[in-house]
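What follows is a group of structures, each given as structure tokens.
Two complexes, one shared chain (chain A), two partners (chain B, chain C).
So, the complex of A and B:
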């Protein structure tokens, strides 16, 4: 079995199994816990439901915090959107997803795929540089750097494979797929899980404050 | 028309009150109880408390932090010092560790790769959850995950109660309230004496211990052992409104050192007699004195099923605001430019925003909002018991500079507060900084601007008419 066969076969498949099983395990492990009841009378009878809008409203920081947060927020959006476009927009990725699910859609031109890949990597670099430059603000732990690494690695290796930089193409492609496998396998265990938690976390706080008539 | 005080003051000025409290707070440190349990037991009790208090809400919040650093922009203690240890996200690190090791879905892994919590960790936690977090909730306003750090801090205070690690001043007051039922010695006798003094010297009647009354009003230790003007002003306003009210000597204390220290059983123990007294007298309304944390202790008490109670609970500023909106509070105009400071516990974490502003509007005040107001208000730095902690003096002083700047930007000569703790902190900060602004309490300001009505001043309680 060649490295590419290993990457395309058992490595990515086991990584996907860990991704799905680990994510379900972590979500269930938390969400099955009891919910503490707030017995106090809400400010208005149906006001608590308004709290759920925090899930959406917190997508952008309030004007009160614009100056302090715009770099972080702006770069985070650029990174998330560009990465999403790369993940679901370029032809080899679509072919991989088609192989797994059967679903298919038209891909982006190669130049656009590369451009978004570079934008995603650049924004990821911009985020880590700020994290390193302001240690007092970010209070980073090794998990933050590891999450950054497993996210940056597929972008770097993907761009290298596309541009035929480094080892021969098949090896580079195998390394790229292995880096994705690492990302998938790590996903349930670190902070990448925020892609699920943000919904619950925002909703909880939104409801808790709405109970008192406060819009957060 | 105005009844603005022109006679000699009966009670000390608030500046003198602050000085008096400073002396009493100093004595608290000597009265603080010493730990009695072994280190291992204290650690185990702290961990057990966190386990018991962790529900899905707390677990989700602990899981959600991505250390994006944005909470640091919202925290007055971090902004004032720039010291990384005061970053709000750090204040949940130890809790997360306990959660990961004891409750989380990968606990078997974390028990292998993390070391167990030691007493030293809990000792270090003390500064983070008492001295440098007023549980103001401002960090929640910016957190992209919406994590309610203040709630997590409160659970950790409970854990430190179990570990006998409450800071000395709070520990002394907690023990006093737990065993003697008083705060700074403010007992039912102190209340009776204060009621007598107010009647004799100000000619204002406080209907104490009426058998039945529509409205039950709370007082606080700050009023009874220092600032008599607070209770006097309350009485003037209630009498002016002509309502059927009373103060109950078996349930008058707003201050709750159960909530402040994190002692849930004392929180409940302190609330029960107030609720019992209100039910006994058939009250339809419980008015909470200007004591910020008493609002969450009573109105937003999660352990108290308030839908089943026959009375409503309102903070003083809320009650005054409702009266002003209903046109029942006739006030003389207030001169000069003013601004209003939302106490964290009644504002962002209480929702009483509009009512105090309605009162100021009723005084036709030249009112200016601070740049950050209502939900975004900066804490004064003294809330959640921090005003009492000598060790937190630097944090209080530095963070108060943010508050001063906010007020200065408005150009207001007077900042109105509606919380004794905020007011103590503002007044101490005003004196220390030679700040050329006035700090006023909302209820005292209202009392000074009541339009005299011969029918109601002074009122005989027997003639009190329901609103």
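So, the complex of A and C:
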């Protein structure tokens, strides 16, 4: 079995199994654990609605924080959007998803895919540099750096495979798929789960504040 | 088979012009990445080359490799060189049969011990009795033939890597030559079938240089298998622009767009198809409208479907992932229950403290 056979076969298979089982486990494990009922009467009749609105209203920091957070918020948006485009926009990825689900859609030309890949990687670098430069703001632990690493690895290896840098294409492709397998397998257990948690945590704090009558 | 003593005599007697012969030498030298300066000496060495003894053993194969080499539409210099070597045993081509044929093989092996070139096509079954020639098991015949060989060329994917006979579930316990023989220089010439020039090119190299050519990690001569088919494909500009044929008869297919989505395996395949092409440079599979199936790579029969594209995951269907979902539900519910019990206990403790 070649490295590519291993990557495309058992490695990605097990990574997907861990991803699905792990994500559902984490989601259920936390969500079923509801808070007790709010014993005081809500101060705001629209408390629940306003709470859910927070999911969207917190998509950009409040005006007071603009100067302090502009850079990382902007960079984070650039990173997330570019990554999403690369993940669902380039043809090999669409082929992978089609193989799993049967769904397919038109892809981007290679040059556009590479451009978005580079933008995603550059913004990811910009974010880690800020994190390293301002330890007091972030209080990072190894989980933050590891999450960054498992995210950066597929971008770097994917670009290398495309550009034929490093080992032969099939080996580089195998390394790329393995790096994605690592990302999938780690996803439910680290900070990457924020892709699900952000909805619930924002809604939860929104509801809690609204019930207390805090303007949000 | 020709009786002339040198290759030069043979070619002249067949009416091959010197210009055509030099052209062959140039092509071969270029393909083998030899410097232009060696072309005259290569031509001289080839012209004066004496008939080397070659024993060709065919095991579990379809004769496609021999066909590819011999069925070129005009007698090419490649096929003349092939005529020129003293093919002392090839059970499809030789006139002799039965005992006489086996005698010829034994005689050649004996007379040219340590000098003859052994060409093998077909994989070798390790299960006794599944394939025999004159009552001799393929495995025994290979071992016997390899013992006195100067070098071995494994012709075609079956001999080089096991090929179709070795595909799962491999009912005959098929093995490739290199899996069975480790003490002889081996060059693999995979392909289903291999490009004829790769076979004659390596023979020409051996005759002129007295050595086997440089090979890659899969023992394939770099001159013919050094490049990725996808990198040399004339449809590549369409690939780069994201223009793909979605079916074999759509607009894109008619316009000659890239066949990646139709399962073209060229990005992971190393061969000279896109440069030398087939049938004297007329065309090659991708040019004819079908994606590469990766025939020069080990175990290509077992690497997913022919029409599954390169990036597709290869683990059959997804039920295991659905099971994983169910496991997640159970584990999640369990975790939640545990946490809840713990929470209630803590609350009870706190109340008790008050």
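Simple rule for what comes next: the second predicted complex is superposed on the first by the 210 of 216 C-alpha atoms of A that agree within 3 Å, B and C clash if a C-alpha of one lies under 4 Å from a C-alpha of the other, contacts with A are read in each partner's own complex, and residues count from 1 in each chain.
We adopt the following convention: contacts are C-beta pairs under 8 Å (C-beta built on N, C-alpha and C of every residue); 3 or more make two chains touch, one makes a residue touch a chain.
This one's a predicted model, so the numbers in the text were calculated from it and none came from an experiment.
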Mind telling me which of the two, chain B or chain C, contacts the most residues of chain A? B
Applying the document's definition of touch, where does A:23 land relative to chain B and chain C: first, second, both, or neither? second
Now for A:54: first (chain B), second (chain C), both, or neither, which partner does it touch? first
Based on the superposed arrangement, let me know which partner A:62 touches: chain B (first), chain C (second), both, or neither? first
Between chain B and chain C, whom does A:92 touch in the aligned arrangement: first, second, both, or neither? second
Can A:4 be said to touch chain B (first), chain C (second), both, or neither? second
On the A-aligned overlay, A:33 touches which partner chain: chain B = first, chain C = second, or both, or neither? both
What is the contact status of A:132 with respect to chain B (first) and chain C (second): first, second, both, or neither? neither
Quick one: classify A:198 as touching chain B (first), chain C (second), both or neither. first
Touch test for A:111: chain B only (first), chain C only (second), both, or neither? second
In the superposed view, which residues of chain A touch chain B and also chain C? 25-26, 28-33
Touching chain A in the complex: which residues of chain C? 228, 230-231, 239-242, 244, 260-261, 267-268, 298-299, 303-304, 308-315, 318, 320-321, 323-325, 327-329, 331-337, 339-340, 343
Partner chain B, residues of chain A touching it in the complex: 25-26, 28-41, 43, 54, 58, 61-62, 64-65, 68-69, 72-73, 76, 131, 134-141, 144, 189, 191, 193-194, 197-198, 200-206, 208-209, 211-216
What part of chain A is in contact with chain C in the complex they form? 2, 4-5, 8-10, 12-13, 16-18, 20-33, 91-93, 95-96, 98-100, 107-111, 164, 168-170, 173
Within the complex, chain A is touched by chain B residues 53-61, 63-70, 72-74, 82-84, 87, 89-90, 103-106, 137, 140-148, 151, 299-307, 348-351, 372, 375-376
